[in-house]
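Quick heads-up: structures coming right below.
One chain, subunit A, appears in both complexes that follow, with subunit B as partner in the first and subunit C in the second.
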Partner chain A sequence: MELITTIKGIISLLVILGLAPVFSGLVNKLKAIFTGKIGAPILQPYYDLKRLLKKETINSGSSSFISNISPAINLVVVIIAAAILPIGFARPMISFDGDIILFAYLLGLARFFQILAAMDIGSSFEGMGAAREAAFSVFAEPIFFFTLGSIAFISGLTSIYDIYHSISLDNVSYIVFIIVCSISVFILAVSECSRMPVDDPNTHLELTMIHEVMILDNSGIDLFLYQYSSYIKLFIYAMLETSFFYPFGVKSYTVGIIIFIVVITALSMALAIVETITSRFKMKNIPQYLLFATAIGVLNLLIYTFTK
Partner chain B sequence: MQNVLSILFCLSLFYLAVTSRVKAYVSVLQFQGILLTVLIVFPFIKHFSVFALILPATLFIIKVILIPRYINRIIINLDIKRTIDPTIQQFTFLLLIIFSMTLIFTTSNILSNSTDIETIPFASGFSAIVVGIFVIIFRKKLIIHVAGFLVLENGIFLFGTAVVSELPMMIEIGVLLDVFVVVFLMGIALNRISSTLSGFEVTSLDRLKD
Partner chain C sequence: MNDSLNLICYALTIQIFAAVIIAFLSDNRKASAVAHLLLIAGLVLGFISTFNILFFSSSTIQSFNLLGIPNNFFRFDSLGLYFLCIVQLVAIPTTIYSYSYLKHYIDEGKSIRSNLVFYILLLVSTQLVVIANHAILFLISWEVMSTSAYLGMIFENEKKEVQTGSFYYLIMSHIVVLLLYIFFLLLHHQTNSWLFSEFHISPDSGNLFIILYALSLIAFGMKAGFMPFHFWLPRAHPIAPTVFSAFLSGIIIKTGIYGILRTFQFLNPTPEWLGWFVIVISMISAIFGVWYALAQHDIKRLLAYHSVENIGIIGIGIGIGFIGSANNSIPIQLLGFGGALLHTLNHAIFKSLLFVGSGVIYQNLGTRNIELMGGLVHRGKYFFILFLIGSIAISGIPPLNGFISEFIIYNSFFTTARELKNYYPLLMLISAVGLAFVGGLAVACFTKINSIMFLGNARKEIRHFRVSFYEYLSLGIFAILCVVIGFYPLPFVKIVNKVLTHGFVPSNSSSILLDINWFLISLIFMSIIVGIFLVYLWKKKNQKKYGAVISEAWGCGNPDINSRMQYTASSFADELNEISKSVLGYHKNIKVPKGIFPVRGNFESHSDDFVDNKLLLPGIKKFSLFISKIRFLSITDIRYYIASILIIITIYSLIAFLWN
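Up next is the complex of A and B:
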């Protein structure tokens, strides 16, 4: 029994590593279809990654060892974070009391090294991007803690796997709670993965970019590591969102997998629709957009603290 | 169910804090009107009577159909620009609302220990009153002041349903009529102001003299 659980955990992680680029490809394809274009094939992220592997790595002359280690650290840390999240009702590879904090700070560590590496290169554009990333992540962090923290608070558990499986649907308020939480996690995903209302992943105008500008000077295997970790990161947040919907299935492995597939597809659709109908916010409007999600989290916490 | 509607009500208040369009204010008012109607209809599902439907029907007609239509017509007739002209940054405004809401929820929890009130609807109604006042204080456009007043009124309504389980219906209908008349008067006043002054902002009222 122990062995099967471990194998399921390993399979989950392999699925995440394998399918992460497909998700990005799917979002881009849907977005292209909604705007009346044919768009790149869904497997395009794989082709991009393959192309990057063949290229030579060139580092700026002013860069130090930080630039060399940062891409690898970034990917490894994101993979560890991915190992904490469950797919369906399979217990993830890493799961212990308090892993919710570990999860948040692993992603924080990845961001920290990316910011360091961006400043290490010595270009003013990268410095600007790093400053923006740091500034907006200040507003993004409370969203995670207020949203997941409020469920942790209600359930009294601190492991992501346990928290999600403690949500029961016999109370009507919980359904609203799930919907409300998934709105704020969606906003979190959009901001952390630099998608449309916060950042446009397709612009290559340095002054408007946040995430893309930080990796402008990277090439070859370094860029491969960054790109791959950003695909995994988007998939991780999609899974975080999906997890809210697991309680709708009876607790069986197969139904969990089906819910996973359905919600992931629906989410890619939602991301594509949001990216189609909204334009990028002005920089000064982003903090209030993120604070709105935090406000939802605070409201959750207040309501479930004071419900008798 | 009452809690669920109150949560949605609070969410609409947050939206009110971050949006910068006049039209969005009208839609939020409409949405709140629908929420309040559902809130009143809900207890009557079990023991249905035609007489009990008068208040929800009046509420629906006034809050969801008449007032938003009237405000929209004023917006079109007076050619009011679509931004709301806040006096403080939206970010600060939202922070202010979060802090006051936290305070209100904590206070009402303390209150609910000694008296018989439903904490969540009570606190949501109270928050709406405070947010309505904030909207009136921190926005320049007169039409937004009308919207702020209506949010405040919605708050009082929700507050009332939390404090007393069954309101005397005639009083509620009377209040609704009052609100409608007030909005009507404000509309006429706005029309008058527009024929005298070019702007629809509080700042331009400084120039008014006898």
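Up next is the complex of A and C:
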């Protein structure tokens, strides 16, 4: 039994690592279709990654060992964070009391080194991106606690797997709760993974980017590691989102998987639609956007606590 | 066990002897070497024996024979020993650094004797403060500690900023001591004893209980630097010699925490609202401490504000402990106080590391302004790694020690929500969000100073950058401690658990602190390091195959990128400071170059402390106005003066006589 759980956990992790680029490819494909283009194939992210592996790396003359190790740190940390999240009802590889805090702080470690690596280049473009990343992530952190954290506080559990397992659907307010939570997490995902209303990864102007400009000077395997970890990161947030819907399935493994696929697809549709119909916000409006997500998080929590 | 205790006393004697020996050695260099050697010997001996009792002995010591004579001036209970252990542990590397620091001044021909004596006095008195059992001994040690810190602080007293900055500290110390006198006199009045071990007042005593708590929280809170009383920290730290600012921030402000915890031992169980009060104050300290820090350019001032932040985090733990005490819940108390105690140790370590590091930079570059630094990584790679370890630890990021204590505090939130139900989940959630917010700001702040100071290109020419062996040794010890506590927290958590269950919380043995899966956390941290190493190796192999080129940074086709085009600290922090403009008093003066023949442009940004500008400085102004108004009462003639003293004494005696 123990062995099977572990194997399931490992398989989940491998699925995450393997499928992460598909998700980005799917979003891009859908976005292209919505804007009337044919678009790149869904598997394009894989081709990009493969191409990057065969390129040389170029580093700025003023860079130090930070630029050298930061891509590796990013990837490893994101993988460990992914190992904490469950797929369906499989127990994830890492699951212990308090892993929700570790999850939040691990992403902080990745961010810390990414910002340092950006500043390491010694160019003001990267500095700009780093400053924005540092500023917006400050507002993104509370959103995480107001959504996933709130269920943890209500259920009294501190392991992400247990938290999702504990939710029972006999409470009508849970439906309201997940709708609002989904919106909050969606906004969180958009800002943390530098998607459209917050950041435009496809723009041609360095001054208007956040994440892309931080890795502007990277290439080859460095860029591969950064890109791959940002695919995984987007996928992690998608998984956070799907997790809210697991209680709708009877607690069986297959139904969990189906819910997982359905929600992931729906989410990529949502991302693509949002990216099609909105344009990027002004930089100074982004904190307000994030605070909006925080505010509805609070609201929703109040509803849940008082209707209990 | 008594042997170990005697050893602690011998250790203290050796340290005092170090001060004496300075008087007999005429050569500055020799005096410094001998004194430091003795000091370190004393500290190491003391630390080993303290640690020995703390870690290995099963019971705690209440009475103790000093060299065979029974006395109750000292008390080696678990809390005192824990703080003694922190003082000695952190003092060892600080003293190593002190040797190298003073060497610079000896080379300049400055007399360092008095400074060294003050440092030794500070060390010894701080150790006495945490083991004193008699209130008078405590007050004397406290006073010696405060005064010697002040005297050490004014080492470079020819500078104007040193005079003003240290004066704030002096005033603060006096207010604290005054309040402590009242506090202990009231305690004595109530319990008819001077001994800490016999002070105990239950909440039934009504107003007195609250008055005592108010006195203690104001006095010790002022020393610790909680938010409305933090004003002395950003003033005193930048001007103090680095050894003293490291010790002040690492240890002295922790004596405030020690005082609050002792007060809790005297006065418990605490009322519920008191816990909330402490949490709110601490949360304000934590959030605004780090936010003010973000706006600073002076490295030591910035670190001083970070002390306010970390004291806030410790305070949050204490507040949770108070709530646990009010609700009579052992697990909540264990987690709350446990997190606070462990964070006290952790903060002492990484803050001392960062202060020593900033001192090394200051001595090499001659400036504390981070806007003038940059590219130091190319001059001192290992120095940067050590500083980086401290920065990661203080930001509370895994896998270092800062994360461990914040993890316990988060756990205390969850446990409080689970145990007390009702409206607690909501309040605890808000606390957790607050702490997460602080963490995010700390990341922003420490990426700022690390990247501006160390990365990129030098903004001002670096003439020389040398880090001596002793400086490396001192920083290295601190960094190793950060790493060890981060990767292998179990023994440290065990110590904290033991401190708490022996005479701090009712010893209903709940092992909630040890129930956390520390082994798995260690394993995850290890696997992170191993994983990074493997990916890095893979990357190197790939680079060997496909090539790695060093080139220029992308500058939109502009070929001459120079160091002045880099992002600065102000611009890095601008995004966040803009948001909080009104509270932080952050303002900018921009002079844009205009016209066909533009003249030089100009940009300045300042951040004023709210407490300073709105409360403290106007308050002082009003007070001095009041003083000048009652000035006519002051008499210059000595005869009138004596006469008025006599009159007042007579009035007092009459009152006392009639009262009885």
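Rule of thumb we're sticking to: the second predicted complex is superposed on the first by the 302 of 308 C-alpha atoms of A that agree within 3 Å, B and C clash if a C-alpha of one lies under 4 Å from a C-alpha of the other, contacts with A are read in each partner's own complex, and residues count from 1 in each chain.
Operating definition for what follows: a residue touches a chain if its C-beta (ideal position, glycine included) is under 8 Å from a C-beta of that chain, and two chains touch if they have at least 3 such contacts.
What you see is a predicted model; the values in this text were computed from it and never measured.
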Which superposed partner A:287 touches (first subunit B, second subunit C, both, neither): both
Partner chain(s) touched by A:180 [first = subunit B, second = subunit C, both, neither]: first
A:10 touches, of subunit B and subunit C: first, second, both or neither? neither
First (subunit B), second (subunit C), both or neither touched by A:40: neither
Superposition-derived comparison: subunit B or subunit C, residues of subunit A touched: C
Touching partner for A:295 - first (subunit B), second (subunit C), both, neither: first
Subunit B versus subunit C as contact partner of A:257, first or second or both or neither: neither
First, second, both or neither for A:19, with subunit B first and subunit C second: neither
Residues of subunit A at both interfaces, subunit B in one complex, subunit C in the other: 287, 302, 305
Complex contacts: residues of subunit B adjacent to subunit A: 1, 3-4, 7-8, 10-11, 14-15, 17-18, 89-91, 94-95, 97-98, 101-102, 105, 108-109, 112, 119-120, 123
Subunit B-facing residues of subunit A, complex: 172-173, 176, 180, 285, 287-289, 291-292, 294-296, 298-299, 302-303, 305-308
Touching residues (chain side subunit C, partner subunit A) in the complex: 375, 377-378, 381, 384, 392, 395-399, 403, 406-407, 410-411, 413-414, 417-418, 423, 425-426, 428-429, 432-433, 436-437, 439-441, 443-444, 446-448, 450-452, 454-457, 515-517, 520-521, 524, 527-528, 531-532, 535-536, 539, 542-543, 546-556, 561, 563, 565-567, 571-576, 578-579
In the complex with subunit C, residue positions of subunit A that touch it: 53-62, 64-66, 68-69, 71-73, 75-77, 79-80, 94, 96-98, 101-102, 104-106, 108-109, 111-112, 115-116, 119-128, 130-132, 134-135, 137-142, 144-146, 149-150, 152-154, 156, 158, 206, 216-217, 220-222, 225, 283-284, 287, 301-302, 305
